[in-house]
Amino acid sequence: ADQIKVGFVSTLSGPGAGLGVDIRDGFQLAMKQLNGKLGGLPAEVLVADDQQNPDVAKQATDKLLKKDKVDFMTGIVFSNLMLAVGPAVFQNQTFYISANAGPSQYAGEQCNPFFFNVAWQNDNLHEAVGKYVQDKGFKNVVIVTPNYPGGKDAVSGFKRYYKGQVSEEIYTKLGQLDYAAELAKVRAGKPDALFFFLPGGMGINFVKQFVAAGLSRDTQLFAPGFSADEDVIKAVGAPMMGMFNSSHWAHDMDNAENKRFVAAFEKEYGRLPSLYASQGYDAALMMDAAVRDVKGNVADKKALQKALEAKRFKSVRGDFKFNSNHYPVQNYYLRVIGKDAQGRVTNKTMGTIFTNHADAYVAQCKMK
Amino acid sequence: MAFHRSAPWQPVAALVALLALGALPPLLDAFEQSYYLGLATRMLIFALAASSLNLVLGFGGMVSLGHAAFLGIGAYVAAICHQAGIQQGLLVLPLAMAVAGLFALLVGAISLRTRGVYFIMITLAFAQMVYYLFVSASAWGGDDGLPIYERLQLGSFSLASDAALYYTALGALALAMFLFGRLAEARFGRTVQAIRENETRMEALGYPVFRYRLVCFALGGACAGLAGALLANQSGLASPSLLQWTQSGTLLVMVIIGGVGYLYGGVVGAIVLLGLEELLLSWFAHWHIVLGLLLLGIVLFAPKGVAALFGRSRD
Amino acid sequence: MTQLVLEQALNGLQFGLMLFLLAAGLTLVFGIMDCINLAHGSLYMVGAYFVAAAAQAADSFWLGLGAGVAGTAGLGLLLELTLFRQLYRRDHLSQVLATFALILIANEAVRLIWGPAPLMLNPPEALAGPVEIGGFFYPAYRLLIIGCGLAVAALLYLLVAKSRVGMWVRAGAANREITEALGINVRALFTAVFVFGAALCALAGGLLGPLLAVQVGMGESVLILAFVVIIIGGIGSIRGALVGALIVGAVDTLGRALLPTLLSAVLPADAASTLGPALASILIYLLMAGILFFRPQGLFPARA
Amino acid sequence: MTDNLLEVAGLTRRFAAVEALKAVDFAVAAGEVHALIGPNGAGKTTFIHHLSGALLPDAGQIRFAGRDVTRLSMHERVRAGMARSYQITNVFLGLAALDNVALAVQGRPDAGSSFRFWRPVRREARLFDEAREFLAQVGLAAKAATLAGNLSHGEQRALELAMALATQPQLLLLDEPMAGTGPEESARMVELIEHLARHVTILLVEHDMDAVFRLADRISVLEGGELICTGTPDEVRNDAGVRRAYLGDHL
Amino acid sequence: MSALLEIVGLEVAYGPSQVLFGIDLTIAEGEAATLLGRNGMGKTTTLRALCGLQPVRAGSIRFAGERIDGWRPDRIGRAGIALVPEGRQCFPNLTVDEHLLAFQANRRGVAGPWTPARVYELFPRLAERRKNLGNQLSGGEQQMLAIGRALVTNPRLLVLDEATEGLAPLIRDEIWACLDRLRGAGQSVLVVDKYVEKLIALADRHTIVERGRVVWAGSSAELDADHAIWHRYLGL
């Protein structure tokens, strides 16, 4: 090939747009640093909005596959959308480099040679929180999550490593606005820790109301990294301080690639990168390295797969490798929200929870 | 508003359009644009869904904001059948229509006690209930939806190829439009249209108004169910997002854009809206602004919808 | 235990009044002027953004609230003069389409101006924490919302049901021609009502911003709830909106607080934990369907 | 009396504070023209509403042609043979006059079910032929193709009547058929009703006393929700109570 | 003395179909005038155009020295023309009380103005129904309310379109008597109604329209004298 085409379908409108935009910006930043080339070949990134709607995502993907005949796909934020577009992508033998969505199906039984996840498996961040809460000896935990499969997964991920007492599992309506009733229950249960997984605006509402209710005095708040990243902090501000969360990346991680990335991102977009941005950035680097590896011959799918598996790029999160199911084996860190040197409210890395942690589904993956 | 009546040129135009549409797959193939076949199929399916709403709304005068529920139920029937290993379309499609139609019958039986905006909202309420139930039904994939890996068989005719699905959708739409056209001019159609105009008067003329409305509502629901089953086969997924109220809103917008109560209003609306979306989406990141402005333009300058611009298909 | 019950009752009241703040403007424009304004939620969103942006700029919540409400009222005026004025006389479906278009435009415009990430709007320092009432703690800010909700309810009741202006508005809604022939400038009157409705939206957006996320699309989820409220109460009735809001608030809160527990008492744990939340999330829709079944015009039909 | 077509016993209805009907006993004999008169707000329209099924009573019974119809719905009563015209004109403004009447014909039980999905109504010549006859009866033959909304007030009243007739009722309930018609139309309407009276029983509510006394075989007077008198026109004319409450010096 | 109302060559159309082809009508201050004609001849249309509810295609309308055609209806209303519309058109969402309260005005500052209380005196029946909504009234009660609603604006010109329709004979007499009293007190009135004898007794001048044109105009005495006109134009 003399040109590489990347299909980028992501959530760029609607309430979930912030995440998709961050992935896109991270990806585009890398492209800029690579002078618009992937593996030395001129590259074109075709961006489409999925509106957080599986049907639309499917449509957009079909177009990129059949009309534009892209070499790589990436961008999708949400698992349910990933599951909707996956079959078509794989059938078309196009490589999908997921910069966020990491459904358990694709980690386990439905793992696929054409699917790579450069972020994490959904459960990992929940597991990390569970581990930490367990290690710190919290005795009485309440869990709050929406009543849908993602929420149930979060609970089982958390409980995989937390073995203490869960006094209450509260399932809320997807898209709920007001959590007063739940908070009253929490207050009555007097837990020492609360773990919540409430994506998007739900999480923002919850944290604000949790703090206003004065519960932060007696109960320590925990969440996976994506409920406590820059987008949420920007909306909640100071009340978030002191909240613990887990992540495989943080903007203050001490390695050369990350410093370069964070500085460039801030310069380019005038804000701190989120973990989504880091994942988008890594996805581009990963494509670049693989294309270089196969010397631009992306038509050789076997070789390209080998090259991708080999992971010949330096990730901003430090070192990691791909498992046999093409999901990362990597470290997970504890972060806490506080003020940084410049007085901004943001995440600070506190320590490592897991080292070289894999996901729980890899055993079900028959791919070798 | 007067009764629907086809203009004399309409059947001819419809036939010409049908022939042209029939020639589309080989044409697209010849120009290597077969991607657009998927888009065209989608347009046809949504044309069917919007037309089914037009039956309820334009002819029956019932503004339903829960029509997506029937579409979604049809899709889920198809997906659940797939999950159970039932691939025979001659079974699945009628089943989808029946289930959606029966559900519409139930919803209608309760909702049709109310009028106007109350009706709008109670239909919305039912759709929301269905939405939340499917979101939390983990056996059927919950929020992830229920995938369909293999398309239906119609007898021994497989829908696996895109062209086959396209022709099926085209056939379903053509049949539905033909039937709707007959229905609109037959006694039943006149009756529901008159009820739309003045319900108490119809009651005072001895018509059991409730029954006619209910049947009309259920018919619309059944056709939406058929569209849903086809849609799920096309996209390979039945997901709760099909049931969201915004989906009902989109169907409504299609009908209004096309022209409420014009036989082909739903068809025109679906094609215009999906076409606009396709055009704008690739052209401008903030395309919603443009779409919004276009819709405003339609309201202000073509208040009866696009179909109304083409001569009189009514009065 | 009594404390929990008391607190949940207060929560129900507060959630209800929060919904009332949203529903009040809607029922005005919708019930009285007979205009389905789906963009009501967008005005609420824009109001919240105005307030948040102004509060950040002025570094004061109250200044921000004032500026945001004024700004949204101005926007409302602009919209009324250019668009809504033409919509009142059109049928409901045109209104649906036009205001649906406005939603699309508003969401995208807000994203263009403020970016896709949510905006920060925090309560004034003094109200940020909980206060103690009768032996338990309750968020001060929620008490403020309760107060505002009641005040707005009283104001609206006096304005619509008791004042001459209210009568003109209702008359103009029912029969514009005759009202005009009797010497009332219905056009100007409707403009004023619409602007007032927009200001109410911004007030709701600004007051709820510190409690909820200020983000693109925040209007849509709220819009449905507001519609449910005014439908239960009876369209166009301020009293209905208040009662509807309180009922929805109470039922929703109680459902979420009690249903899972109640169900687990009668059902196996597994079934209960699936069914409980699912049932709680559709409770208000069930409630609405139930009420409309027995009272197809809502609880307080404004027009018999 | 056994040949009463309509019998009402103890019909009672309250609207909040207003007792609109107070245990009204009333009968219409088959074949007669029975006028119901009374001051404004006496409860006449309310009474008609109860007969037609638009309102349900708090107490009391309505028997029509020997059958208890008190709880039947509106359309069931029409099918049983009671038709009404409205005090305020109520026709399909967007439809041609002919279509208005054809709808009425089509709604009749003997015209067959309307759950027919296939055959265009256009081809059902019978419906329209009959509809034309009814239009001719009320003098609107020339206006068959005119949209009802473009007819004058008086013409709309006539159309209203044609529609009621087209349901071929045994009993026709007429609520102020003369309202809004000019003298000429009134006179024609009176003739028309006289003509109709040969085929159907009529219950007439009207404030036009010339018409009432010309048409009615019997007159009942309602006041404040109570039936204060029933009798022949002469009896009613000479009833002191009626003169005081309603007629004044008229006639 | 200049005329209070002067309509010259009024033409009005509903969309493409013209219904008025040049109506002339003059009313002096304190005068009572009528507009007569068969059904559908354009009486209501004339009144609607006068009140600004129907656009004027040609011709002019002057009221109290000002050209008012083209004004918005509310401005005409405030200038002193009050309409009792055909078909009553009471507000279904206002109580009887509110109907009268909302539109009460005395813009010219007349002595002894109409107030809700006086309307209730005129129609005791309405007083008994003051809390009823407009659609919870009998037909006749609605008619009374429509008249009362116009009266409380204390207009310079009271316009009644079939205001006695649906009223019981006794009440109808009440209305005639009331109009007579009003006229005695110097109120200008324009009436459309079908009771020609009553109108001859009440009004000074009469205008008969036929198919949108004035076919006869004259005084009460002239009309009373020539019953052929009644027959020809009014169908009596």
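For reference, chains read A, B, C, D and E in written order, and residue numbers begin at 1 within each chain.
Note that a residue touches a chain if its C-beta (ideal position, glycine included) is under 8 Å from a C-beta of that chain, and two chains touch if they have at least 3 such contacts.
This is a predicted model, so every value here is computed, not measured.
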Just to be sure I understand the contacts, which chains border both chain E and chain C?
none
Look at the interfaces A-C and A-B and say which one is made up of more C-beta pairs in contact.
A-C
Calculate how many whole Å lie between the centre of chain B and the centre of chain D, each centre taken as the average of the chain's C-alpha atoms.
43
Find the geometric centre of each of chain A and chain D from their Cα atoms only, then give the gap between the two centres in Å, rounded to an integer.
74
Rounded Å distance between chain B and chain E, as computed from the means of their C-alpha atoms:
52
Could you please state the distance in Å, as a whole number, between where the Cα atoms of chain A are centred and where those of chain E are centred?
75
Multi-partner residues in chain D (2 or more other chains touched) are none
Spell out, as numbers or ranges, the residues of chain B touching 2 or more other chains.
132, 136, 138, 288
Per-residue overlap in chain C, given as positions that touch at least 2 other chains
107-108, 111, 277-278, 281
Using the touch rule from the top of the page, what pairs of chains touch, sorted by label?
A-B, A-C, B-C, B-D, C-E, D-E
Chain B-touching residues of chain D, taken from the complex the two chains share:
52, 54, 73-76, 78-79, 83-84, 86, 90-96, 99, 103-104, 106-109, 113-122, 124, 147, 163, 167
If we count contacts the way the header does, which residues on chain B are in touch with chain D in the complex?
1-3, 5, 179, 182-183, 185-191, 194, 197-198, 200-209, 212, 215, 315
Okay, in this complex, where on chain B does chain C touch?
57, 63, 110-111, 113-118, 121-122, 124-126, 128-129, 132-133, 136, 138, 245-246, 249, 252-253, 256-257, 260, 286, 288-289, 291-296, 298-300, 303
In the complex, the residues of chain A that touch chain B are 12-13, 47-49, 52-55, 58-60, 62-63, 66-67, 79-80, 83-84, 87-88, 103, 147-150, 152, 173-174
Which of the residues in chain D end up touching chain E in this complex?
15, 17-18, 38-46, 87-88, 150-155, 176, 179-187, 207, 209, 245-250
